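Take a look at these structures.
Both complexes below contain chain A, partnered by chain B and then by chain C.
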Partner chain A sequence: MKLRGLILGLCAALTLAGCEREPATTGGPAVIRRLTEAQYRTAIADIFGSQIVVASHFDPILRTDGLLAVGAGRTAITGSGFERYHALARSIATQVVAPENREVLLECAPANAATADDACAKTILKRVGRLLYRRPLSSEEIDGSAAIARDATATRGDFHAGLAYALQSMMESPDFLFIVENPEGDTLDAFSRATRLSFLLWNATPDDVLLTAAEKGDLDQKSGLTKQVDRMIASPRFKDGVRAFFSDMLSLDDVANMQKDTVLYPAFTLVAATDSREQVLRTLTDLLVTKNGDYREIFTTRSTFISTALGLVYRLPVTNPGGWSKIDFAADDPRAGIQTQLSFAGLHSHPGKSSPTLRGKAIRELLMCQKVPDPPGTVSFDQFNDPNSPNRTARQRLAAHATDSACAGCHKLTDPIGLAMETFDGAGQLRETENGERIDTTGELNGKPYANAADLGRLLHDDPAATSCVVNRAYSYAVGRTIVSGEKALIDALEKAFAADKYRFPALIRRIALSDAFLRVSAAPPTTPGREAKL
Partner chain B sequence: MSILIKRDVPRREILRGMLGGAAVSMALPYLEIFLNESGTALASGAPMPLRFGTWFWSMGHTPNQAIGADPKELTFLEECKSLNPYKKWINYFGQFNSPLDGRPNHVHQTGWIVIRTGTAPVKSSDIPAPTLDVLVADQIGKGSRFRSLEMSCTGKAQDTFSARSTHARNASEVSPVALYARVFGPEFADPNKAEFKPDPDLMLQKSVLSAVEDQRKRFASKLGAADKARFDEYATSIRELEQQLALQSQKPAPADACRVPTAPPDGPLGLELPVAQANHAAMTKILTMALACNQTRVFNMAFNDALSFLRRPGTANTHHTLTHEEPIDDSVGYQREAFWFNCRVQEQLASFIDAFEKVREGDRSLLDNTLIFAHAETSFAKIHQVDNIPIMTIGTAGGRLKTGKHIVGNGDPVSRVGLTAMQAMGLPLAKWGTGSLETGKTVTDVLV
Partner chain C sequence: MIKSAALGLALAALVSASAPMAASGKKQTLGYVVTKWDTAIYESRFAEECPEGLVTGNDELWWRGMSRADKDKFTNKGLAQPVDRKNYAMYRGPGGKDVCWNPEIVKDPPLRIVKGKTAYGFNLDGDDNGNGTAKSCKHEKFTSPEGVKGVDNQMYRILGCHYGWRRNGVLDNFDDEERRNSGRGVVLIEVTGVDDPQNSAAVEVRFYKAIDPFNLDAAGKILPYGSYRVDMNGGKPRYAVPIKGKIENGVLTTEATDFSVPFYGNSTYAEVRLRDAKFNLDLKLADGHAKGLLGGYYDFDKWWEYMMKIEFLVATGDWSCPALYEASKRLADGYPDKDGNCTAISSAFKVEAIPAYIIHQNQTADAR
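Let's look at the complex of A and B:
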């Protein structure tokens, strides 16, 4: 058994599917990505401890080709955004050197707290800087930071106050705020490798073990790389990486902006909205990591977790008030799959009513990677012009809408899927009727009929577009850019390998992390937009 | 495309900082003893500080219910009747078109992007050129503590209509509490306080920024051309913050109209109409004093989002869905509910103007020294029409604009209005816009 595992491991390390060789790829450009809010917060917690308060909001990143991870590679820092980074860095540095934290967070103390101590300052700055910049600091960089600390100590008459300015400058540096990838020929250098791995697997800055492996050259060897990838996947922190990926793929950042009319949906609260994000991430990590289950079951799973706030929305009893309760719906319950949860059914609805169109569009675009065209500018809404319209349900209203040929093409893509979910109202609560009329949830997807949302989930489970989508998104997320044409054969191979692995998500991520393609970069310079025009 | 006017620049303009920031204007005093007799300029001859801002609303107007048809007279009809008391400050621009040169009309996006950039976007997420407020801020925003302030009453920081490029958008403040803390928090120096003691921390913060700038230069030296351009914004940000610190280390010039407002109470955020109205009122109050206290000279206020998710509590439909799905009531000839929302939006614009009018600088109003560029993203939302999108300029821009006019564009490109506003703000632009939107023609009827 052990021998078989070893062979399989070697096989996976060398190939993508079976023992065929990994397809040749061109690689894409090295990318400079701005840290996302989650990455920034995690870095500060990892380096200084979770007691440090990161009190700020961050400039939003524009989702590009389906992912914030791709948009981060094109985002600039605006004036107001830098102003916030400046204030935040100041606040964090002040907290780090505060009397209640310094003994735990700083490895040395000055001989005299009122005067400079270069040796102690350099020791601290060298260690912290290595973690912040995700690489060792040059002696010039250490000396420069120590000089800031020394000068500020002289002004303030306080070693720790002076040290804070040096730490602050590090946290405003582009070396911290941007994930920098340095090519070495057609591949990445050791620290860029460590960084890509760490953000893919943990959504975190590389830890000391990984940086040490990079320093020793271990990441330049397949065996060393495999050892680190397996260590990181075995770690509980791998769940953080999985959560970050699905937060991005499912646009869960939008949950923070989910609004519902509390008159129409009195059970809906901001706590419920926040918990809905946690619900879907718990559902996914439980299925995909803890149970190492089949990815396709995300569309059919009847196991989930609910909080007290969500129990009120879903009208379900909670067994663990104040915490999270595991719940398994009955086989005939329409609540199956993540698409029936509040973070999906509610998020892709209007504040006061459901929206089959928005839900259908979200399933197509987020879960199947299919682009639904934007609505035409010349759309006609004349069919809504009958004040005595008999259309009481969404199905009837949308059927009227689809009579317009300009609208019909796109609505055919979205509405049938969304109508299957109409027994979930705008806040994701079960219902059987709309305006007194029984809701019809039947339809067909790709010629296959379904009776309701649970049935639709089964069709999504079997749809190759869904598994292809997660492979494409995972690879794009891993390399932080759009997939290039020279990687198409690799993606095909990854899709086959995903099937061969019985759609195990950790296996997919491991294959990506260990592929040559993951570390390959093209010679072409990065193409990132800047100022298009200047006066 | 922006083309610079090649001409001799008068000394007076140099004093205003007209050369792309080569000369940086400082906060100027305008207590009456410093003003000339008419209050239009300082006794020294330097002009009063000039401000520029935008006010965005979505869903346009109800046809035939907003503005009178007679171009000889500016008449606001029922939907905009709340603006009538402020007619003397307003120019209304109608019948200007948005030729897209075959590019798609991305509903609720293309219209505002065309108006603000003079260019039709290819994709709905594209910001194909800097928005005009950014260009104006490049010109006049550098001498104040904040280059510009962006605010949105929608609860979403992403609801911003100000951007340098697609990936450099100026996020909005959405909470009055956060806006207040940013402007009038501990780092605010009251310009009218007799005593001024510079914070010794400012010098140390400057050394921090100096170190960051050194790191940025090292960092930039390794970048390719495309990324270098992207990091220009970072360099600019550092410089602007250094300028902020430099300003904070000097005694601010007295500001007659400056009254530090009271801190707003914490409240809900979002697009329930009463919530958005309350946040608009609170942020407007902070903004007018931020201007009066010389904290910024450029601002962007968005009352609703481009898709207008405004709603009345307890109702299923949003303002947006009503514009499409509500039947036209034949007895009045329009959609009653959508019209109701449009009226409420214009009331907010009226309240915004009112707040500016009431701030007195010498014997004049803040509106005398301001140009507010207000516009929608569509003309008739029901059909996503991008021609004839309503635009208003409000205020005289330091006496550079005639007001009270109804300008009919007769199908001319809408970029003419943007170019006019930017020229009024002193930008030396000869042409602006791309494709069929490129124009060198201003609306001379309103320029002094």
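Let's look at the complex of A and C:
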């Protein structure tokens, strides 16, 4: 048994599935990505402590090929956006050097607080700069920052005020605001490797241990890389990485814009909307990380967590008012899978009613990575929206709407899925009837019949498109760009490996992080998208 | 109610939830949170109910009782402001004593009481004529709005002609609003052993005090299906006296039982201590809402304790402590002491409730 375990371990370290060698890949271009708001906030908290207030909002990132992580590589900083970064950097630097923080956050104090102290300033700037830039600073960079501190100290007559200017300039630098990947031949240099790993696994800037490993060349060796990957996956912070990935994959940033008619749904509040995002992330991390469960169970799981605000929306008991309560639904309950939660069923609905079409589209696009065309601009929704329509249920209204041949094609893709979820109203609340008529949730998906939303979850569980989708998204998220055609064989291998791992998500992320492909870059210049694979 | 809304939930150990309509085996449990609690004041033709008019308030009695010199003293710079006036009036007893805390130190004109014949409430002593029984003193009976004779509600008789307790008065309305906004005094009603919410031959009812505030929507309205933890004391729920009852055609009725109900209102915590209390609750209103009447003999001392605590509202509610005290002592109709003086007042309260989850946490096995 020991020998078999050793072989399996060796295989896992060297290959993607079984003992087949990892397919050769071309790699894609190195990318320059703008830090997301979450990454910025985490970086500041990690480097300076959570007591530092990051009071700002950030320019949005355009979702590209299903991921903000990809869009972050195709974005710039606007003038007004930079003004906010500037003000924010000033605010953070001021807080860092404030009397109440400096003793904890700064490792030295000047001999005279009113005059410059190059040695002390360089010590601080060298350490902080390494964490902010995710690499050691060159001596020129340290000298340059120290000069800013020195000049500002002379003007202000205050060492800490001068130091704040230097820290501010670092936080305004592209080296901090952008994740800059530096190729080294056909792979990434050690610090770019550390950065990719850290943002994949923790959605955070590399910690001192990882940067030290990079400095020592450990990340150039499979054993050293494996050690770091396993350390980071074993850390509680791995959940942060998983949460960040699924926030991106499920478009949970849109939850902030979820609006409902509070006359129709009085229990829906902004708190409930915010909590719905947390609900799905808790559900996912509990299933995929804590329990190391089968990814496919995200469509069928009957375990979830609810807050007080969500208990009111779902009309469920909250056993821990003020906190989060675990709920396990019975086997015959229609509430199963993340697609029946408010962050999905409610988010992909209209403000005042459900939408089988939006829900079906979201399942296909977000969970199965299939593209559903947008409706033509000339389409008429009159029949569907007619308040005096004799058609009481969405199924009946959609049937009338779909008589328009221009609409029918796409609705065939979306509606059968969405109609299964009609027992959840526009706010994700369970219902049995619509306008007094019992809701019919039966249908077919890919020729297979379903009775209700829970049944649909079972079909999604068994649909290869769903597992293929998460593999594609995870890899694209990991490398921060669209998958290129030269990586198609790798994706196939990862999908097989995912199945061999019984669809364990941490195992998938580990395989990606340890693959040669993850670190490989093509010769194309940074930020230039490569040929996109048709996957 | 949405029948399937709470079906099939498995909850953590040591935690149980009374659901608005949760199936637990064959027996179900219904949970409610009280949203409105008002003294049951029957109001129709005022001239018939209160032919003498509204009661004379403390301010007026204070003014009437002052010498010309005192009137000059208090008004030589214009009439005193309401707050000051209230305080002057409250301390109108000999030596400046508080007439609410010492209601017998002055003799006010007799309280104007309800002379009408109709009132909400229950027949608490089982007698239709008001001649008095072993548990009641001789008193005048009412007839209910539905025509049921023998109704006991002496609390209505003494409070019914007060501006502060009538429909457009401030006391009960303010109480409801205050509970909603402050989250204090949230009362829960749990009905266990329900076979069918329409008809169940034997159920048990318990009142609890919640430790969680109301769940409100954006407009400040109390939302149904909120979760409320039961206030515990020594591992057991406070209040929670089991009350036997039944449900017929969707209406819950209970047997006469002695129990207390927590109360908060007018910035004051109190305890409504009732004897021979009866409760009915219509469970079949729209959206699972419920509405009913709770009545019983309200312990006089407990009630007057509350009245003394809210003396700061004596001008707002426009009553006279001495007159009210004298009348309530005289008209108390329940549980005579060894001297034949009754120690409780028949009372009734209108109760409205909405579905809620009642959360029992860390409850010891013998708590129920």
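Keep this in mind: the second predicted complex is superposed on the first by the 507 of 535 C-alpha atoms of A that agree within 3 Å, B and C clash if a C-alpha of one lies under 4 Å from a C-alpha of the other, contacts with A are read in each partner's own complex, and residues count from 1 in each chain.
Quick note on the criterion: a contact is a pair of C-beta atoms (placed from the backbone, for glycine too) under 8 Å apart; a residue touches a chain by one contact, two chains touch by 3 or more.
Keep in mind that this is a model prediction, so the values were computed, not measured.
Visitor: Which partner chains sit in contact with A:L445 here, chain B, chain C, both or neither? Use first/second/both/neither.
Guide: neither
Visitor: Contact-wise, after the overlay, does A:A45 reach chain B, chain C, both or neither (first, second, both, neither)?
Guide: neither
Visitor: Looking at A:L316, would you say it contacts chain B, chain C, both, or neither? Reply first, second, both or neither.
Guide: Second partner only, chain C.
Visitor: Pick one for A:L264: touches chain B only (first), chain C only (second), both, or neither.
Guide: Once the two structures are laid over each other on A, A:L264 reaches chain B alone.
Visitor: So, does A:A113 touch the first partner chain B, the second partner chain C, both, or neither?
Guide: After superposition on chain A, A:A113 lies in contact with neither partner.
Visitor: If you count the residues of chain A that each partner touches, which comes out higher, chain B or chain C?
Guide: Answer, by number of touched residues of chain A: B.
Visitor: Considering only touches as defined above, state whether A:G81 meets chain B (first), chain C (second), both or neither.
Guide: Only chain B; A:G81 stays clear of chain C.
Visitor: Let me test your reading of the model: by the given contact rule, A:V484 touches which partner, first (chain B), second (chain C), both or neither?
Guide: A:V484 sits against neither chain B nor chain C.
Visitor: So, A:R431: does it touch chain B (first), chain C (second), both, or neither?
Guide: A:R431 contacts chain C only, not chain B.
Visitor: By the touch definition at the top of the document, which applies to A:A399: first (chain B), second (chain C), both, or neither?
Guide: In the superposition, A:A399 touches no partner, neither chain B nor chain C.
Visitor: Intersection of chain A residues contacting chain B with those contacting chain C?
Guide: 262.
Visitor: Which residues, counting only chain A, touch chain C once they are in their complex?
Guide: 262, 266-267, 269, 308, 311-312, 314-319, 321-322, 325-334, 430-432
Visitor: In the complex of these two chains, what residues of chain A are touching chain B?
Guide: Per the touch definition, chain A meets chain B at residues 32, 57, 59-60, 62, 64, 71, 74-83, 86, 90, 141, 144-145, 148, 151-152, 155-156, 165, 168-169, 172-175, 178, 180, 182, 257, 259, 261-264, 350-353, 374-381, 384-387, 389, 397, 426, 525-535.
Visitor: Using the touch rule from the top, collect the residues of chain C that touch chain A in their complex.
Guide: 2-12, 15, 17, 19-20, 22, 212, 215, 217-219, 221, 223-229, 357, 359, 361
Visitor: Any idea which chain B residues touch chain A in the complex?
Guide: For chain B paired with chain A, touching residues are 1-2, 4, 20, 104-107, 110, 124-125, 128-130, 135, 138-139, 146-148, 150, 155-158, 164-171, 178, 200, 203-205, 207-209, 211-212, 214-216, 219, 222-234, 236-238, 240-241, 244, 270-272, 309, 311, 313-318, 321, 324-329, 382-384, 386, 427-429.
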